[in-house]
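As structure tokens, here come the structures.
Note that chain A is present in both complexes that follow, paired respectively with chain B and with chain C.
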Partner chain A sequence: MATFYDQVREMGLKQATIAKSDEIVERITAGMNTGDIRSALRGDEARRPNPRLRPHADGFWFHIRPSFYHNEVTRIYPTFRLGWLSVFMFIWETITGIFLMIFYTPRPGTAYSDIWNILANVPLGELMRNLHRLGAEAMVLVVALHMLRTFLTGSYKKPRQFTWLTGMLLLIFTLVLSFSGYLLPWDQLSFWAVTVAVSAAEAAPPAEILGTNINLLIRGAPTFGDGGLLRWYLLHVLVLPLLTGVFLFVHYYKVVLHGHSLPPGQEKVGEDTAKRVPKGERTYFTPDILTSELMWTALTTLLLIVGALWFYNAPLESQANPLVTPLHVVAPWYLAWSQGWLKLADKVLIAFIFMPALATAFFVMPYIEVGKSRRYADRRVGLSITMLFIAFMLVSNWMGSPEFAVESSADQELFQELVPQEGHSVLLAVPFEDLEEGFYVPGGDAPNPALEEALQEFKSAMDRHSCNVNGNTWKDDCKPIKDSEGNIERYANTFASEAMPDAKAALRIEAEQHDLKRIIMQVSSRDPVSGEILVDAERVAFRHADSGYEGQ
Partner chain B sequence: MATATVSPGGLTRREFLYYIWGASIALVAVEVTGLLVWFMLPRFREGEFGGTFKLSIDDLPEVNAPPFNFPDGRFWLVNVDNEVIAGCERMWRAEGDGAIKGAAAIYKVCTHLGCIYAWVDANNRYECPCHGSKYRLDGRRIEDPAPRNLDRFKLAALDENETVIAESEISSDGTYDALAIPPNAAFLQIDTGDKKQGVSQVLLSNFHQGCP
Partner chain C sequence: MQIKVVIGTISFMLVMIILGVAALFEPARLEETADAFVGRQIEKGAVIFHDSCAECHGEGGLALDCSTTAGEEIDCKGIPLNHAALLCGDPSLRMQQMAWNSSKENFIKQTISSGRPGTLMPIWSKSFGGPMEDYQIDQVASFVLNWAETPGLCGDGAVAAIEWPDTVEELPDGDAENGRDVFQLNGCAVCHGDPEDVNSVATVGPWLGNIGNDAATRILGMSAEQYIYESVLDPTSFVAPECPNGPCNDPSVMRQDYPNLMSEQDMADLVQFYMTLKTE
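Right after this comes the complex of A and B.
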């Protein structure tokens, strides 16, 4: 081949440069020169042999994508773009995660203040953290929906069973990735969620040999500290992304091999048109699918940024305190079901028998449901079981909420609503300057409307957690409790089994320091019959001018 | 699908050597995994976690009064007596229960999944915020899902010269019994390096609720 110098001598500098750049473009795209790219973008017919197929055969990035799809699978239904979206979220998390890594050190002494530094000082730091956290939750949702869709359309049936199996692995990696990131801010929320998970692992039978050592391996010491945080950090930023990446390629390879299955009604039972798509029904990856995916990338980016800017705030509670577990501590929403199950039965039974059995059932599902037909009408049993399973998971999720089995005494629940140990409340959301110093009663007068509204909430919370003793029939929530002679002894609250009789409560707001106020709530109650003091409790909360609770 | 028509015949020497070679690679892989686990096990000295705490006898709460919180040592100090009528609501007694009398140092961590339970005064019991386990003042569990009673630390009573005059004893079921405090005790010593697991007994809520 002629050297560039020869070409310049032959056709002049301009033509030689054009020819050379064309050659470079063709090398980079593994087969398409500038003219081919322009013709693809214009939507022209491809020349023969089709150069748009060559990147799929000769290049790495395109060879893990199919070179053409069946026309029927290029609409929103049946894929809803969920598989593509899962990969997009994975890349999104990698990019935003690298930004956060720049300002983060995985040590209990610095991790929490690093997060505050990201929120307060790093330009766009808060946005970046919100994007990462929002993306993580979206990824869990998208991956789960992707699997649900694959099941509903029967796409996991032969020959795609193995694709489903790798998909199950990817679902588990996604959940563990999301959960391992949970610990890194080292706040109360993360610390206790992970403590519970690790303690469950510690119960691995036989606990003396297996459980103890698993605990040491994932906690880095008998208790959580430097070692544990570093281990979870490495898991989150290195081990799991690598594993996910590897299995993503296995998953993608299977998609290239088998193609996308058609909507169940579009082909005869037992046929797999995706194997041999007729010439006239093909949509080629370049340019149609490629440009469509670019558009979806832009749209999803837009949605995530709008969400992170105005609709979503990544929570950050106070710094992890190994000595206090806050009341109403909950698992992340996508694991709420596990918290519900753990309330019900023995931890070994749940974590080492029930959960693995359920996971195994999911893994082998395509090998169990072997009926040839993917049509909805032929799969009524399977679809019904799925709906019942979803209902079961919804109940389990509800059982994970504090409402189920962890309701505390009426005074503690009252405090939890207004001056909680963690997170915000109606009272804490009152603007800082409106929290004027003084002494207030539920539903009483206040110097400004914001505080007055909070006092109304205070009153309604009191109504929910207490009842007057003598015939306050105006309140529907109260029902009379009668003694053996039929006289009304006291009124009980239909909302709370342990409602405080004739409770009195008050609120005091004091200035603690510049820009810091102390909010003290007191509640007391006496037994209407014996006069004995039942409740005499106080809770103190602090509110800083920059707490960021306004409007929450 | 094509069926295998060529019979492989007997094991050749080459094939056999390959199997041996493969098996040794597998063995090395297992060894390396074992080494990796050994490498990853954290190093810490025996007794690095836990220590001995000395408290004044004045820190011991009244009989059947709410427990004394000692967060540094991760324990509650309680003083219980199930034969005292006043305040018996804190100390439900089971039918056939023997005397539960004396002081105990109770580990602050829930026996279920490691959360820190709290003393809820209005309900006269410890409640765990994570999965709702409940315990009585002396650590007997009254509600699931906790698998057993709360764990206890070794407790000793010292006189004014700081010599040990009484030590908690291990009961027949392997936990530390409540320690009767001698009248001349001046200090209490809690060894958080010496913990005994609580007993897994029938749930207390199934017990007869009558006071002694």
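Right after this comes the complex of A and C.
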């Protein structure tokens, strides 16, 4: 071929430069020159031979992508773009995760302050953390919905059983990835949620041998510390992303190999026509699918950034303290069902028999459920079971919340609602200057609307946790709960199984230091029969002018 | 397809614009978050102070109002922390007196972490064998330092090193009632016991219940007032004969910095208070 110098002599500098750049573009795209790209973007018919197919044959990046799809699978239904979104979220988490890794050291002594450093010292650091956390939750949701969709359209059926199996693995990886990241900020929320979840592993039978050693393996020591945090960090940033990446390619390879399954109504029962796409039914990757994906990339990025800037704040509680267990330790929403189950039955039964059995059932389901038809009308039993299962999971998730079977004493529950040790409340969110010093009663007069709202909340919390015997302000009458000998054991009301009879409560706000106020909440209650003191409790909280709970 | 290109392009531009706007507000947000961190440190420190420190250093850090966790009122064993001598000036008088060469924050953290040998101040940091994590020490230090923000505390030279006069006569007139407050505020009872209670037991220094009489007999030709004045000013100038644990140490183990913690009026009041202390 002629050198660039020869070309310049032959065609002049301008033409030679154009020709040269065209050649470079063609090399980079593995087959499409500038004119081809512009014609593709304009939506023109491709020239013959079609240069838009060459990147799929010769290029690395497009090699795994099909060069065309069936028209029927390019609309929102039947895929809802959920598989694509799962991959997008995985890449998104990798990018934001690397950003966060730069500012993070996995040691209990520094991890928590590193997170504060990201929030208070790294430009756009808070946004990055919010994006990573929001992305993690979105990814769990998207992957779970992807699986649900695959089930509903019957796409797990032959020949795609193995694709489903790798998908199950990816779902588990996603859950563990999300949960392993939970521990890294080393705050009370993360430390205790993970401690509680891992404590189930300790029960692995026989507990003296297997349980003890699994526990040591997971925590790096009998309790979480330097070793445990490092292990979970490596799991989160190295082992699981690698495994996920590898199985993502296996999964996608199988998707391409078998083709995207058509909507169930589009083909005859028992047939799989995904790989035989008639000429007239083809949508080519370039330009249609490519522009569509670029559009979804831009749109999803926009949504996530808007969400992370204005609607979502990644939580950060106090630094992890192994000596202080916060009142209500809850698993993240996507694992709350397991916490619900653990409340119902023995750890061993749930964690080592029921959950593995359930997972196995999911893994092998496509090999056992071999009904030929993918049509909805032919799969009424399966679809009904799915709906029941979803309902079961939602109820299980509710059972995982503190509302179910872990009620604490009434005064502690009251304090938890207004002056919690961790997290936020209406009272703590009152702007500092509105926390005027004084003595207040539930639902009483307040010098400003914000404090008044908090006192209303105080009143309704008292309504929930106290009851009326001798006529006072609390709405509900006390229901005496008697023990087997007929003695009154405790009192209940409509909302709570333990309520304080004729309770009195008050709130004092005092100055502690410059820009620091002390909030003292007191509650007391006497037994209406014997007059003996049942409850006499006080909770003190402090509030600094700069602590910034208002916005949260 | 055209519409996809348009939507994609607009979304991408919006992302860039939003990131740009967010970046504009970023310096203010960073500062706010940094303040929020300090604010929360102070809140956490307040909780720890009330749980672990107030029993000796008193409510509000004044060493005036101390009670056990059971609510029983007791004498304050610690020195006041909500005090200009500790908190005002850099280095503060207390830091100068302890020959501290680093920052005030480090001074407070170090004192909490390793305790103060020779006093009742225990070791707090796990690094030195105490019960607390270092981050908790940081929180308490933030809380203690926040007293320096009290309006007026560090006003124009509220406490400055004073050129003390040679004789007690040159001090202003003292008031014994105020002197009792000076005695308590400076934590004298920690070592000397309660001088107004004959049953009180001094721990380190001599019990001072009869100092009004004793002071006149110690040095021939020196007035009781002058003896007391010089003893507070420089504890080693005279050493009392008997301490609770046998003969008193020479040089004295008493803190040398009381002159820095007091005004001339405080000193005169204190001397007058001591002069009222007579058992017969």
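In the analysis below, the second predicted complex is superposed on the first by the 507 of 552 C-alpha atoms of A that agree within 3 Å, B and C clash if a C-alpha of one lies under 4 Å from a C-alpha of the other, contacts with A are read in each partner's own complex, and residues count from 1 in each chain.
The rule is short, and it goes like this: a residue touches a chain if its C-beta (ideal position, glycine included) is under 8 Å from a C-beta of that chain, and two chains touch if they have at least 3 such contacts.
From a predicted model like this one, the values you see are computed outputs, not experimental measurements.
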**OP:** Based on the superposed arrangement around chain A, label chain B with chain C as either clash or fit.
**Re:** fit
Original post:
In the superposed arrangement, does A:W192 touch chain B (first), chain C (second), both or neither?
Top reply: first
Original post:
Which holds for A:T325: it touches chain B only (first), chain C only (second), both, or neither?
Top reply: first
**OP:** Give one of first, second, both or neither to describe whether A:N121 is in contact with chain B, with chain C, with both, or with none.
**Re:** second
Original post:
Does chain B (first) or chain C (second) touch A:T301, or do both, or does neither?
Top reply: second
Original post:
Which angle, as a multiple of 10 degrees, do chain B and chain C span at the CA centre of chain A?
Top reply: 60
Original post:
Once the shared chain is lined up, is A:T360 touching chain B (first), chain C (second), both, or neither of them?
Top reply: neither
Original post:
For A:D346, is the partner it touches chain B (first), chain C (second), both, or none of the two (neither)?
Top reply: first
**OP:** Give me, in Å and rounded to a whole number, the least C-alpha distance separating chain B from chain C in the superposition.
**Re:** 7
Original post:
Where on chain B is chain A touching in the complex?
Top reply: 37, 40-42, 44, 49, 71, 74, 108, 112-118, 120-123, 127-132, 144-145, 147
Subject >> Contacting residues of chain A [partner chain B, same complex] >> reply: 192, 195-196, 198-200, 202, 213, 216-217, 219-223, 227, 322-329, 339, 342-347, 402, 404-406, 408-412, 498, 500, 534-535, 537
Original post:
How about chain A: which of its residues touch chain C in the complex?
Top reply: 41, 43, 109, 112-113, 116, 119-121, 123-124, 126-127, 287-288, 291-292, 294-295, 297-299, 301-302, 305-306, 309, 318-319, 321, 512-516, 518, 540-548
Subject >> Partner chain A, residues of chain C touching it in the complex >> reply: 1-2, 4-5, 7-9, 11-12, 14-15, 18-19, 22-23, 26, 29-30, 32-40, 42-44, 46-47, 50, 60, 133-135, 143, 146-147, 149-151
